[in-house]
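So the structure is just underneath, and the comments pick up after that.
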Amino acid sequence: MQLDITPRESARSSSHSQALLARTYERVRGTTKRLCAPLSTEDYVVQSMPDASPIKWHLAHTTWFFETFVLKGRPGHRPHHPAYEVLFNSYYNAVGEQFPRPRRGLLTRPTVAEIWRYREVVDAQIGELLAGTVDTRTLAVVELGLHHEQQHQELMLTDLKHAFAQNPLAPAYRDDRPQTSQASPPLAFVPHAGGVVEVGHAGRGFAFDNEGPRHETLLAPFALGSRLTTAGDYLAFIEDDGYRRPELWLSEGWAFLEREAVRAPLYWSKAGDGWELFTLRGQRPLDPHEPVTHVSYYEADAFARWAGARLPREHELEVMTRPLPVAGNFLDSDALHPRPAGHSDGAIQQAFGDCWTWTMSPYTPYPGFRAPEGALGEYNGKFMCNQHVLRGGSCVSPASHLRATYRNFFPASARWQFSGIRLAKDA
Amino acid sequence: MQLDITPRESARSSSHSQALLARTYERVRGTTKRLCAPLSTEDYVVQSMPDASPIKWHLAHTTWFFETFVLKGRPGHRPHHPAYEVLFNSYYNAVGEQFPRPRRGLLTRPTVAEIWRYREVVDAQIGELLAGTVDTRTLAVVELGLHHEQQHQELMLTDLKHAFAQNPLAPAYRDDRPQTSQASPPLAFVPHAGGVVEVGHAGRGFAFDNEGPRHETLLAPFALGSRLTTAGDYLAFIEDDGYRRPELWLSEGWAFLEREAVRAPLYWSKAGDGWELFTLRGQRPLDPHEPVTHVSYYEADAFARWAGARLPREHELEVMTRPLPVAGNFLDSDALHPRPAGHSDGAIQQAFGDCWTWTMSPYTPYPGFRAPEGALGEYNGKFMCNQHVLRGGSCVSPASHLRATYRNFFPASARWQFSGIRLAKDA
Amino acid sequence: MQLDITPRESARSSSHSQALLARTYERVRGTTKRLCAPLSTEDYVVQSMPDASPIKWHLAHTTWFFETFVLKGRPGHRPHHPAYEVLFNSYYNAVGEQFPRPRRGLLTRPTVAEIWRYREVVDAQIGELLAGTVDTRTLAVVELGLHHEQQHQELMLTDLKHAFAQNPLAPAYRDDRPQTSQASPPLAFVPHAGGVVEVGHAGRGFAFDNEGPRHETLLAPFALGSRLTTAGDYLAFIEDDGYRRPELWLSEGWAFLEREAVRAPLYWSKAGDGWELFTLRGQRPLDPHEPVTHVSYYEADAFARWAGARLPREHELEVMTRPLPVAGNFLDSDALHPRPAGHSDGAIQQAFGDCWTWTMSPYTPYPGFRAPEGALGEYNGKFMCNQHVLRGGSCVSPASHLRATYRNFFPASARWQFSGIRLAKDA
Amino acid sequence: MQLDITPRESARSSSHSQALLARTYERVRGTTKRLCAPLSTEDYVVQSMPDASPIKWHLAHTTWFFETFVLKGRPGHRPHHPAYEVLFNSYYNAVGEQFPRPRRGLLTRPTVAEIWRYREVVDAQIGELLAGTVDTRTLAVVELGLHHEQQHQELMLTDLKHAFAQNPLAPAYRDDRPQTSQASPPLAFVPHAGGVVEVGHAGRGFAFDNEGPRHETLLAPFALGSRLTTAGDYLAFIEDDGYRRPELWLSEGWAFLEREAVRAPLYWSKAGDGWELFTLRGQRPLDPHEPVTHVSYYEADAFARWAGARLPREHELEVMTRPLPVAGNFLDSDALHPRPAGHSDGAIQQAFGDCWTWTMSPYTPYPGFRAPEGALGEYNGKFMCNQHVLRGGSCVSPASHLRATYRNFFPASARWQFSGIRLAKDA
């Protein structure tokens, strides 16, 4: 694993960084717990589709990660429960068998209380570990585990949203703060001269293995949309019969529309003459200024073609957003939904947060990439087939989890993530 | 509906019987509640297959039955919740739309607590109703609702067993009392001369519509096995390669074996040289003296063919068991599993309880049968196709629910009910 | 097998009947050949659904039947081709493996010419056999093979019709004679007093094993519709929203409608304001006087409920039609489609031919039935589950194949046979 | 469409090149006919899977291409048959509806003879057209049609092979010439320094739209295997448990193995201790020296990982093979199967022909690519999602069809094409 052993925030000294890591551990694990505060016990149990997982599975799996990759095999360590190794293994064949993914929602036991107890036990053990002398490899795995946990924080909210959306009662995860709106600025295209550029992660901060090796690539001149595509932009596409014109669609995308009877982004529904939206804060009218989200790659691609543009390449996004601060509407803002872009000076807006940007780049290994040896090598590399890269993070990504080189990836049909659209053009 | 308005226990006077019905209501509803005592909140939520339902759905649906068919439309009644009419409608098209059955396990809300509250509210309203002046038609529907509730008591336990069986932790519903064994007597065949006999329900006691009209039928001479087929009997079939010899199987049954990779009754598993069983009291070794249960019609039929016998016709069972007391190993015994037959004098044993007996009789209407008008007519008649009749009740049927004319019915592939085998022969 | 060793037409002497059988063999096999005259080579190859088979498979399988059950094992016999035993075995597990049924349409070889050659070779061998001294068991199997061949003659035409119907070109099997029409008489109901009656085959003529043993059964008084239900009768049901009213349908039937988007009988299509029909003589307007055909059991049952009637029991049909001559619109009439009933004196019309009548009787064994030992025992008994009995034959049944005790059987969803409706009522 | 209007062979003058095109038309269409010579009528009809098509469909569709894109709309042209526009449209939504692809094998009509007649009629019309004055756009479409026909020549053989392989008789398409063998040379790796290179089609010769625009790309230093991976190489992978070690597989690939029970390349089968192969010349023992073929991308990728190498990028292949003559074991050699590489001087062997090389490059548009306007724009662009590029052609590609910039593409699970493996390494 191409892990920097030093947590990103500091590199002054090993003991200093170890203490920092311990505090980060508490903070990240605490965030997971806080995200569960609004839930009833019943909400932890269900799995609304094979791609999603029950909340209690997320809680256990992220804990399993620390137990399996950090604690297991250490002197004196005894497995918390003999069945958990199989039950909460996601896809690590090197660790062993896995309980079948599509059946995770059939398990009522261990109970939620038992899983919270599991977390407490492992947290105590990790706390003890980090209070002692630890090798840098172990520290690196703890850090990896925290980034892994942050990924699952995002998934917990997207999976929960998907489950709630199946319910005619349309339950709200939170209902304490209405979304505020503002006018979205006109779309501009920001040019880039292209050429040979360096891409991929470099430096001491944490990054996933798939962000490296840093390497050169050649970009043709291009221009990037200044903001995310709005719901209003997208409505124009729908109203221009965008979902009914095969010439706008990839062949696979057209088959997807037919098969799934897709006629609008996920969570949109017709309400009288207008449209409504199911959100983590419940059902509400669509705001034309907010970014469109929960679209598949197929829809993003068809929209771009209709708009006389295309989707960006992942490295076009990377070179344009690398100079910008990693700031925006993340989980930390508590909005739980993408927000309108607001006033603009024509520069790139919404570079991070709000919603993930589909790129036209298939998810492939960088030149020279090799998955690490062992079980942790199953983290990213084995998914490099038939997925597309998404960039930039979303309104449910923890801010400290993102960076300009970050590569998220999903199959072209995935819609339950906060995925959106930014246009690009050849110069 | 061919309902007797008087509860079975008495017929002296209308006001007397109404008071009795009120007490029966409390008792039956209380039993449902007691059955839930061992459950964690999580256990109420899951649906392990489309044929099963979450426990909380059962709780709500049986309550919905009383609200819809007894309370709805009465002066002053207001629906408990506007969404419940759709959410907890099982299959009554005349009432309206239904939330799709295979998706019942995706609903985390209403919570278990909200559903208990729903029950309390409806119980109070029914209690009030039964304390006043009520027409006989309404009383009949309340009585029907109680028999309906008893059916769901049985389903709650079979559905829960199925859900628990998906879990590698093999949770026990109850673990307070081990099963005791005793030797099973040898199988004898008890003859009957046949002839024209009367079958079907008659008299004032409660019966479902499908048990009538009472009518004559002609039986050829036959003989009935004196006890249920035991696990030991069935093991001999397995060890004689019963599951691998197509000549023993119906064509559909053989296809079922291939498709589902069936090689033993449901909940059996190989353990070393022997077999284990998953029960409501957890995993344990198979007892050769206990009745075999959780077999499909296909398995019952193949076993009978292998044994040189056949399955009984439903009316062969009815005429042989009608003279016997409706007593046996029912839900009330708290065994939660079929028990060995015990000492025998060669007469029919285990006529009721332990496990349902598959009959070779397809589930068809009796001559002159007509489903009642209106929504309650959807209760039984519309399922009279491609199902087989089972007789006698099981270890999870409430004793007061059964009688000799009772017709249960399931498709030939169903295995999650406590279904077993009694052999028959042509004389 | 409960076969009468003497062909039906005569019983005078064994040698006489053997000569008769030889002539019958030539006649029946010749009919199969004549049925193929209008076909192009391509028409022999396709399989339009798993329930149907390619014409060339039918030709080979019926020949395989004679080779396997009559010739195989006789001194000097050598298999025509080593692969045919598997390729053309339909479902006889006792004979051995079978090429998978749903893949029969993938086999381009053996060619049609090779299969005709196979037929010639086997015909010559059977001819030689029948010219010598033959035991009565063998004669009985030859006779069975001819009835088997006649069943496949019917299937060849229904399978071909189904295949042609998939083709936008709507090819006609024959286009040499238009259907003629005549007014259909009003429907009357012909009563029967019921009582204990004898049913099932008796006597020396040929019958399939499932038609016996002859036995007594008890019928309640009933009345039978005087003619088949017409397309016009059925149109009234459609126009009264019959396909949209769940209260008319079995639960399984309603699910079938939803799943298969069924809104009319198979081969009906809307054409302007009216309806058209695809027939073996091509596409043409619907004639309201002709019997409705190509309906499932579900549709037949729903129609009967809508009409305030029910479907007949199989033995109601048997006792009413047994006294009548086995005459009607069979394959021999060359009409290839059901015809209007014509002038009536109020007696039972269309007792045989035109289209098979769905009965409400599930296909079950008669009391005392036992499938014959050995491979030929797989003929009928193993299908006695989840099928309904149909009676009377159709416009593509050979006349000499039918009799009043004949039990055809299909699953409730089958529509590609010439299946129709006759109403019945409780008296 | 980025078509050069001049056929590749010449550019001297427009009339000269038009005459040349006419001769090419006759030659290419004649080749199609010659490929059908060994077939029986039955062989033209079947479709063994949705990805394949019946031979007669290929014959009609390629003809439809000329009729639709060249003849239709010309003065005096009348459609050959009103139904053909729909029946033989593959996927051109801009042309109109299409008969559903998975049902192509259900059509017995038009007959093979009728389709040959269709070809004759269209050939005559095209011949007449090319004898007169034609605009260059039309000439370009005719040329495109011929390359399209050549693609279908390859598909006819791979589809036929797949259909024949379903048949237990294992029919041989041709049996006139056995494969000869020779020792395969050891594998060497040929290095390339990388850098900014030009890729994509340039110049006047024909190319498909997806081969352009020509553009610069940046390659890291790499080395390419000197020959294709042999069956012997691949056997070592199998014998090292390659199909059972999840760490070697992409996550999707492992799921593919499980789902499809894949344990060897398509058309391999165990025979005693060794392996056999089904080929267009029938069943025969595996030759360890011949290139492995009929592998999925997943298998190619897993093999490469096991071998400590990787699959090449498409432009690595392009820059290494561009200097080489487009020569090798093509359709023209009549071998109909990949052949051993033979003696080697360490340079790149088998650059063209034998079998298509899977590349690790997803099939994406080149920078600046735009699909042409209109129906012909549906040719390549709309498939640029979830497919991988294959390079180099195969033993059933016509030699005149290939070039170094040629991009073939198939989904990762496709195995019925002659797809093989060439290893690559980072330098």
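Each chain carries a letter (A, B, C and D) given by its place in the written order, and its residues are counted from 1.
The rule is simple: a contact is a pair of C-beta atoms (placed from the backbone, for glycine too) under 8 Å apart; a residue touches a chain by one contact, two chains touch by 3 or more.
Small disclaimer: the values here were computed from a predicted structure and weren't measured.
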item: Minimum number of chain-to-chain touching steps separating chain B from chain D; value: 2
item: Distance between the centres, which are taken as Cα means, of chain D and chain C, whole angstrom; value: 47
item: Between chain A and chain C, centroid-to-centroid distance (C-alpha), Å; value: 60
item: Separation of mean Cα positions, chain C and chain B [Å, integer]; value: 38
item: Residues within chain D bordering two or more other chains; value: none
item: Topology of the chain contact graph, where touching chains are joined (line, ring, star, complete, other); value: ring
item: All pairs of touching chains, each written as two labels joined by a dash; value: A-B, A-D, B-C, C-D
item: Residue ranges of chain C in contact with chain B within the complex; value: 91, 93-94, 196, 215-218, 220, 246-247, 249-254, 297-298, 301, 360-362, 364-365, 367-368, 377-378, 382-386, 412, 426
item: Residue ranges of chain C in contact with chain D within the complex; value: 40-46, 48, 56, 83, 86-87, 99, 103, 105-112, 163-164, 166-169, 171
